[in-house]
Every structure is written in C-alpha cells, then in structure tokens.
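Structure in structure tokens, see below.
Chain nomenclature is as follows: A, B, C and D, assigned in order of appearance, with residue numbering initiated at 1 for each chain independently.
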Amino acid sequence: MRIKPRIEQKIAQSVLMFFTFIAVLVLVFILAVILKNGLPQLSLEFLSRNPADMGREGGILSTIVATIYLTIIALLVATPLGVGTAIYLTEYTVENRITRIIRFGAECLAGIPSIIFGLFGFILFVNRLKFGWSILSGGLTLAFMVLPTIIRTSEEAIKAVPASYRLVSFSLGSTRWQTVTKVVLPSAIPGIITGIILSIGRSIGETAAVIFTAGSALRMPTSLFSSSRSMAVHFYILAREGISMSKAYGTAAVLVIAILIVNLITYYLMERYIKHRS
Amino acid sequence: MTKIVISMTRIKILNLGLCLLLALGYVSCRPGKSSQRIVVAGSTSIQPFADKWAELFMEKRPETVVDVQGGGSSAGIQAVQTGAADIGMSSRALTEDEKELFEIEVARDGLAIIIHPENQLDNLQLDQVRSIFSGEITTWEILNGKAKNITVVVREEGSGTRAAFQELVMGRLRISKRAIVQDSNGTVREIVSRDPNAIGFISLGLVNKSVKTLSLDGIYPTEESIQNETYRLVRPFLFLTRAAPSGLVKEFIDFILSEEIQQLIKKEGLIPIKKNPGPRDDQDRTE
Amino acid sequence: MKTTGITVRNFSHYYGQHQSLKNLNLDVYRNEILGIIGPAKSGKSTFLTCLNRLNDLIPGSRVEGKILIDNQDIYQPDVDVVALRRKLGLVFATPVPLPTTIYENVVYGVRLLGKNNHQELDDIVEDSLEKAGLWNEVKDRLKTSALKLSGGQQQRLCLARVLALKPEYIMLDEPTSGLDPISTMKIEDSLRILKNDFTIILVTNNTKQAARIADRTAFFLMGELIEIDETAIIFTRPSDERTEAYLQGKFG
Amino acid sequence: MTKIERNERLIRLCLLVVAFSAISVLAVITIFIFEQGTPIMFKYGFKNFLLGQDWYPSEKSFGLFPMIVGSLMVTLGALIIGVPLGLASAIFLTEFSNRRLARILKPFIELLAGIPSVVYGFIGLMFLIPFIRENLGGPGLSVLASSIILGVMILPTVTSIAIDSIRAVPDSFREGSIALGATKWQTVKMVILPAARSGIVAGVVLGMGRAIGETMAVIMVAGNAAAIPDSILAPVRTLTSNIALEMAYASGEHRQALFATGVILFVIIMILNTIANLTSARQKKR
C-alpha cells in the first residue's frame, strides 16, 4: 500500500513533464520556423528600402517607420494619461467609490478585444473626427488600447514605493506634489517603464485595431494624416494573400525580433526592480 | 542599490529623448508646402491596380500625392458621395440611387472560376457553377469522378466581387453558408492553390500560375471574349466622381485612360476598355 | 528664565472612533530635552505627529483642543503646514534614507525651498553632518548611495537631514530603537550638544535613555499624560504609582 | 489658503481630470459601440439577432447565432488545449523541475506571450492547416485548427499566471504536507492546487478573454463559414472575425449589424470580466 502513492507520483511527474515538453516544443517550433525562414531574408537592404510591387519586391522600411510613428503617438498620449491616473489613484485619493469606478473602468478596458478598439477608432477618429485612415487615428486607437496596461503597471510600481519615503518627505516639509515628483516617481520609474515597454510590444504586434484605423496604404508616412501600413498589418496581408512568402517570413522575423528585444528589456527591468524591492 | 540612484538621472535622459522624438515628429509630420492630394477609395479589386497607377502618376507629377484606400465598392461610393474621397472605385455597376455620380469605366475585369492546378476538370456549365456555390452539389464525383467533398471558397458579404458573382451567376439563389469565406481575392487564390478540392472565384487580373482557370460553357476568359462579352462573368471597373472631373482628378483619370496605362492594364491581366472615351464624352456615355 | 515654546491644552486626538490622545496638558520649554516615555501604543508617536501635523495625512484623523507653538495655534486653517513641518523636524524610529546619495538626502528639504547654490548647499551639508556627528565618516563619499550606510549612520544621516532645514524643534521618535550601543551613544552625544541650539523632544521606550539625557520627562500611558516633571524627580520620586510601576519594569 | 495649498489643489484637480478622462475612454467606447449597434437590433428584433441562423446582410438577414456558437466553440477548444498544457507546465516548472530549468523556461514562455497573434495565425496557415486537411480530412480551415492556434496562443498567459499563483502558496503548506508523509504529487493535488485555485482560475479566465477576443489569427485559420459547424473539421466563424472580415466593405445596415456583433461581443467580454473580478476579489479576501 505504501508503494501506490509513489507510483502515482511517478506517473503524474512523467505526464506533467510530457505536457511541459509539448508546450515548450510547440513554442520553440514557432520561433524556430519564423527565425529559420526569416533571418536569411534580413539584410540592410530589406530594412532600408521601401516595399515595391505590393511588397513582392523591396524591403519594409515604410512599414517600420509607420510602426514607429504609431507606437510613439500611442505612448505620447497613453503615458501621461496612464501615469497621471495611477498617481491620482495611489497618491491623491483614499479608496472610495470614485477610485473603485476608475479602477473597474481600467480593468474593463483591459479586457476589451482589440477589434472593438478598432471599430471604435474607425467610427470616432476616422469618421466622426475626419482624421481618415491615418497614423493619427491608428496611434490614438492604440493609445486607448494600451492605456489600461500603463495604468495598472504604474499603479503597482507606485504602490510598491515604501510608505516611509512619503512620510519622510512630508516631514521634511515637502508638498504632496513635491513628494510625488521627487521621491515616489523616481523610485517607481523602473516599474513604470516596464509598463511602457510592454505597451510598445503590444502596439508593434497589433493588427486588428490598426488595420481599420491606420489603413493599409503601402506608402512612407509623410504626415500625421497619411494612411500607412504597419509592420504587423503588412505581414498579415503578405502572408494571407500569398503575395510573397519570403518577404512575409522576413517581416515576421523583424516583428518577432523586435518583440523579443522589447520583452527582454522588460524582463531585465522587472528582475532589477524586484531585486531592488527586496 | 546604486541602480536606483542611476534611475533618477535616467529620467532626465528619458525626458531629453522624448523631446528629441517630439522634435523629430514635428519636422517629419509637417505637410509639404506645395503638395496636392487626391484621395481614391473603394473596391479592393481595383485597389492593387490603382496603387500602381498612382505610383506611376506620382512619378510623373512628384508634387502630387495620390492616396489609394481600400474599403470596398460600397464604401468607395459612399466616400465619394460624402466627399471623403475625390474618386470612388467600384467594381460593380451602380444602383439606381447611386446614378447621380459621374462614372468613368477605366477597365474591365472578368471573374475567373479557379480550382487547384492538379484538378482534372477543365470546364463547367454556368448552372453547374450555380449548383456548386449554392451547395446543391457537394462532391466532385459527377464533375471529375473523384469522391471528394468540394471546398467552396467565396468572398465575404459586401465585397464587389461577391456582389458581381451573385448577380452574374447566382441570380436569386443564395451562396451556401457552409462555404469558406475570405476577405480578399488574394486569400481566395491562396486557399484554392493549397487545397486540391477547392473551387473559388477571383478577379481575372489576379489569376496566376498557382491556380487553374476553368472555361465557362466552353469559353475561357480572354481579352476578346470579355470585350465582346461572350464570356459571361464580366464586370466594369468604375472610377466615380461627384461632379465632372476637373483639375488634378481629371489629369489622373486622363492618365489612366492613356494608351500607356491601358497597355499596362492589359499586361496585368485586366481588360482595357475598347475605346478611349475622353472625359468630355462622359456625360453622354451609355452603359 | 525658562521660555515656553510649545503649549498643549486640553488636546485630544482621534483615529476614527478611537481616541488615541486624551486631554493632554503640557508645556515644552525652549532649549530643553523633553523625554517622553511609556509602553508601546501609549500615543507617544501620535503626539509627535500632532505637533507637526503629519497626522493630517492619515485618513480619519481628528483633533480637539489647542496646541500653541511660539504662541501660534497650529490647528488654525491659515497655518502654513509646510513651514510648520520645517520648524519641527522629525526623526523616525527606523532610519529611512531616501534612495539617493548621502548628499542629496541632506539637502532634500533645502532644495524644496528652491535653494540651488552649490556653495551654500555644500556648507549646509558639512554643517549638518558635522552636528549629527557623521561628517568624518562620510565626507569622502557624499555622492554614494545613502542606502549603503550602516543603520547607525543612516539614523544620524536622518538627523542631519532634519538639521539641514534649520528647524527650531527636533522631535525624535525612538531614534535608537534599532541601533547598537555605540551608535546609540553617538546619537545621544549629538543631542546633548544640539540642545544648546534646539528644543528637543525625544520619544523613547528605553527609560534609561531618558534618564541619561532628558532634562524633563513625561510619562504617557494609554493616550494619557500620567505625569511630567524634572527627570530626576520622575525617576526617583514619581508622584503616580503607575509611573513607578512602569519604571520598575512591572509592565510595559 | 496658502499659495502652496492652492497649487496642490490645482494639481489634484488636474490629476482627477486626467484620471477621469482615461476612464471616460471606456464610457466613450461603450457609448459609440452601443449607439452604432443597438438601433438595428431593435429594428429587426433581439431574437433574430441572437438566434437567427442565417447571415445574409445583403438580404437583410442578420442571424448571429452561428457566430455566437462559433466563438464559444473555439474558445472552449482553446481552453481544452491551452489549459492542461499550461497548467501542467506551471506545476512541473514550479514543483518538479530543477530550479535552473524553471529559471530559463519561465521567461521564455513569458516572452512568447508577446508574439503578435498574426504570427501564430501564419504558422497555423502554413503547417497546421495542410496537416489537418491531409491527415484528418475537410478543408483544414476548421474549428480544430482555430482551437489549436488559440490554445497555443493562450498557453503562455495561462502558464505564467499559474506559476505566479503556485509560487504564492506559502512554503509552510508544502512542508506541512510533506511532514505528514504525503508525496510531492499528493501535496500538489491536495494542498497546492486548492490553495492556488483562484489565481489559476483568474489566469484561465484571462486566457479565455484573449481567446474570445482574438481576431486576426482566427480569421486566418477558421475558414469563416457563417454556419454552425457540424464537426470539428468544419469551418467556423467567430464574432470577432465576422466584424473584421466584413467591416472594410460594409455600409448602411450591414455596417450597423457588424456593430451589433460588437455589442454582443462586448457584453460577453463584460460578463467574463466581471467573473474574473469576482474571483480575484474572492482570492484577496482569503
């Protein structure tokens, strides 16, 4: 009778190991396929030339530029809004109905699928505000999409700043705002940046929300109002319409590498942040 | 622990970076002073061609910008009606209440019925096509003897290609709701080219070697059979304007109707229009 | 000869429903060290935060009665709270250096006033660290992180940080509770010297410490002031039996 | 009031405005989607939208039932594939593997949560679809394909949240159980999983939200036929892909019907969110 649990343990352990193996294998496979087929496509030329012939020829420069612009606009809008909201929630109020409403709202925002953001951005920015399919419409839509991430990570980071720092700051005669800017934010910065970088990752990889708001014109963006195709949208179109599998793999590799870099930075910051907290 | 100290100075660096980016954005986002802009929107069947025409036009007239957007025929018609676009592109004939727009036929397109290249079938009758797409015939058995289920691939509701197919082939019969739906000609072609049991329809201009085109009632879609309309699945590629084209819009349309571009149209698999009706003829041009 | 600095009259403090300070009446004289002793949760720390209105920050905090500091009622609405807190510097029980350099810790409060002159700041840093008895130990590494200092050094840094504000009163909340005897001695030495320029209120749960350096001592119990008198009198002939019992270690 | 206090009040007010405008985004989104989507539902009747079987917008037939069923089917499928794999990986990495392996694999799995969904869809299109078509039959584009792709997609989410909540179980629980003579597996089964349950549930709900909200990857592999699939090898259309497929071309009532699709999706997500909030609130209470 003593042996039975041990056999059960052995079985359970092997099953768990097998499942883990499958999971890791699938993920490694995806990464390997993209990098194996994509890396040979990468060259300076691929990164520095505009797509030609609907993406069959040339590189992906304009889509990289469009992606960068979209991301910058999204962050320029979402960061102040998100960090400001987080500061308000943590430093300027006590828990009450208003903060609960705000927090609930942020959580709901986080759960809305990107296609709904796309619909919304299409109606509000493209149609109502007459920005048309443009970098601006796409960037603003992305801003709304990443806002909850920034609020949540900033809030966590600010909450993690020891209360004693605030008390000391006040006791030395600082106002609340001085305490926030001189003590709280500097300590919370790594956490806040982590949230921002996560948002960069989401903006780079987003397709559904962008395709309906920034459009898919394959041109170098020249102003806030030009319609441009982001890297992810370009990849989506290349891959689905079978325009050029080699270019699709190349674009996917650039996307994946960009995301990996972004995530590695996040991970590094997180690690450092956790170390500093402990 | 010094890392936290570093993080304080880092904010300054970050601020600096942000300012730089802003400045960069400002410089690059300023619209060019002398640029003139036309917005063209509508049918995704026309869009890839229009992209190319716009590219060539902008080479000739570097100070102009031609912005080509998809959106579909209906959206294109709407866009030109509301003034959101200067030119609408439609790959279907206009309905009665859309007739107040100016229409210029810039090319013609045939709808090709396509199958996997390894499929032995060569020809279908129109009523067979109808039965396949309505879901009445579900296997290849009576068509080429293979007891395989047919994978029917169609375009989505709202697309001009589907509307044209509905009108030219199906009539009042519904396209089967079990059919696979894709949202562009390219994806339909991709799927048909990969699935040995698939059948679909796409714009003739987008047919390539990865798929096999069927003849319809014994007639293949060619320039001749489309111009004389013996091939039955033909639709117009229309450019629409709110008023008689003028200025840059007129120049762009004239450019497309020029011999040079019409030759290009032919090379790309579309059917050039028979004669070159100058924009002056537009008003009395018949359907 | 004795000038009264702080006058507390019929003062009570509440956290929500809970009354944490009960009808206090006492005076603090200029240039004395007033020791406050009593078991944990007697309201000693709360009393300090009431004096510089740091209790404003705690939700549900409410006061009754009066506190006059230099004849000004500090709970009047027109009081500049920020200035008040500068006037009454507070050193916390556990040393809390801000996560920056030693130098920046000392000048933190000064910078808030908008002073940025290098020479002036350098002088303030040297002067404050000197008074806190830390200058010789850290003068060569002012630009290194304050978090690297030992506990005793950190606490003296916190004292220097308060001194840099040029306050009139220094309040210390069990400043040596977590420190070794040598660090404790250093801080006590500093306080004896500082007494000449400042009025010091020292909350301590170490009765011996009060006996060593306080001029007068107050005994708090459950939010009440049991008695206040010359230190020598409190420790030899307390008038209340509870004081005597506490000092003999019968409770606490 | 001193000047400083006035400034502080101003700052507080500004921040309140910022916080409220951030949240008003949610309100605005909700208003816009409902404003665009509900009138047509009233016009043709909720019942016809929710339970109608036919989606032929050009004939004014707007039955969303196949898409609702489709969304639920692929989401369920994604959970069936993603949750066991994700949970098993989490348990293995936290309780059974050596620490070094876990230190390498956890960040790796988390990195994969950031890969754009279109990449997952693309891999499905290139490898999974032909495999299903050639070995299992059907067109390949199917419920099965969508479920697998979504399952793999939510795998990193489920795993990393499960790892966090298993790690949050105090070591004293483990020690106590082992001290009573339980094997590691028995400890996991009887002590750790129950203790980490609500965290794991929250992770699963989050994964479910991702699966039901995913659009582009699903469009690529689902086949998008607007009919209730009769087998897992048949094509399927979800609510999200219904919107994304037809949005670009739709106008008039067709477009409104797509917004109505958005409304239904929105309501389903909100219900899921509320469930997730309730579970995590219950966890906090514990």
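What we mean here is this: contacts are C-beta pairs under 8 Å (C-beta built on N, C-alpha and C of every residue); 3 or more make two chains touch, one makes a residue touch a chain.
As the structure is a prediction and not an experimental result, all values here were calculated from the model.
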Chain located farthest away, centre of subunit B as origin (C-alpha): C
Two chains joined by the most C-beta pairs in contact, as defined above: A-D
Centre distance in Å when subunit B and subunit C are each reduced to the mean of their C-alpha atoms: 79
Separation of mean Cα positions, subunit B and subunit A [Å, integer]: 33
Distance from subunit D to subunit C - Cα centre to Cα centre, in angstrom: 55
Residue numbers of subunit C (touch at least two other chains): 82, 99-100
Multi-partner residues of subunit A (each touching 2 or more other chains): 175, 186-187, 240
Multi-partner residues of subunit B (at least 2 other chains): 1, 4, 8, 70
Contact footprint of subunit B on subunit A as seen in their complex: 54, 69, 72, 76, 130, 132-133, 185-187, 189-190, 193, 215-219, 222-227, 237, 240-243, 272, 276
Complex interface listing, subunit B residues touching subunit D: 44, 70-75, 77-78, 149, 151, 156-160, 163, 166, 174, 177-183, 191, 194-195, 197-198
Partner subunit C, residues of subunit A touching it in the complex: 94, 162, 164-175, 178, 182-183, 186-187
Subunit A partner contacts - residues on subunit D that touch it in the complex: 4, 7-8, 11-12, 14-16, 18-23, 25-29, 32-33, 36, 84-86, 88-89, 91-93, 96-97, 105, 107-112, 114-123, 125-127, 152, 155-156, 159, 182-186, 188-189, 209, 212-216, 220, 240, 243-244, 247-248, 258-259, 262, 265-266, 269-270, 272-273, 276-277
Residues of subunit A touching subunit D in the complex: 5-6, 8-9, 12-13, 15-17, 19-20, 22-24, 26-27, 29-31, 33-34, 80-82, 84-85, 87-89, 92, 101-102, 104-109, 111-120, 122-124, 144, 147, 151, 175-177, 198, 201-202, 204-208, 211-212, 232, 235-236, 239-240, 248, 252, 255-256, 259-260, 262-264, 267
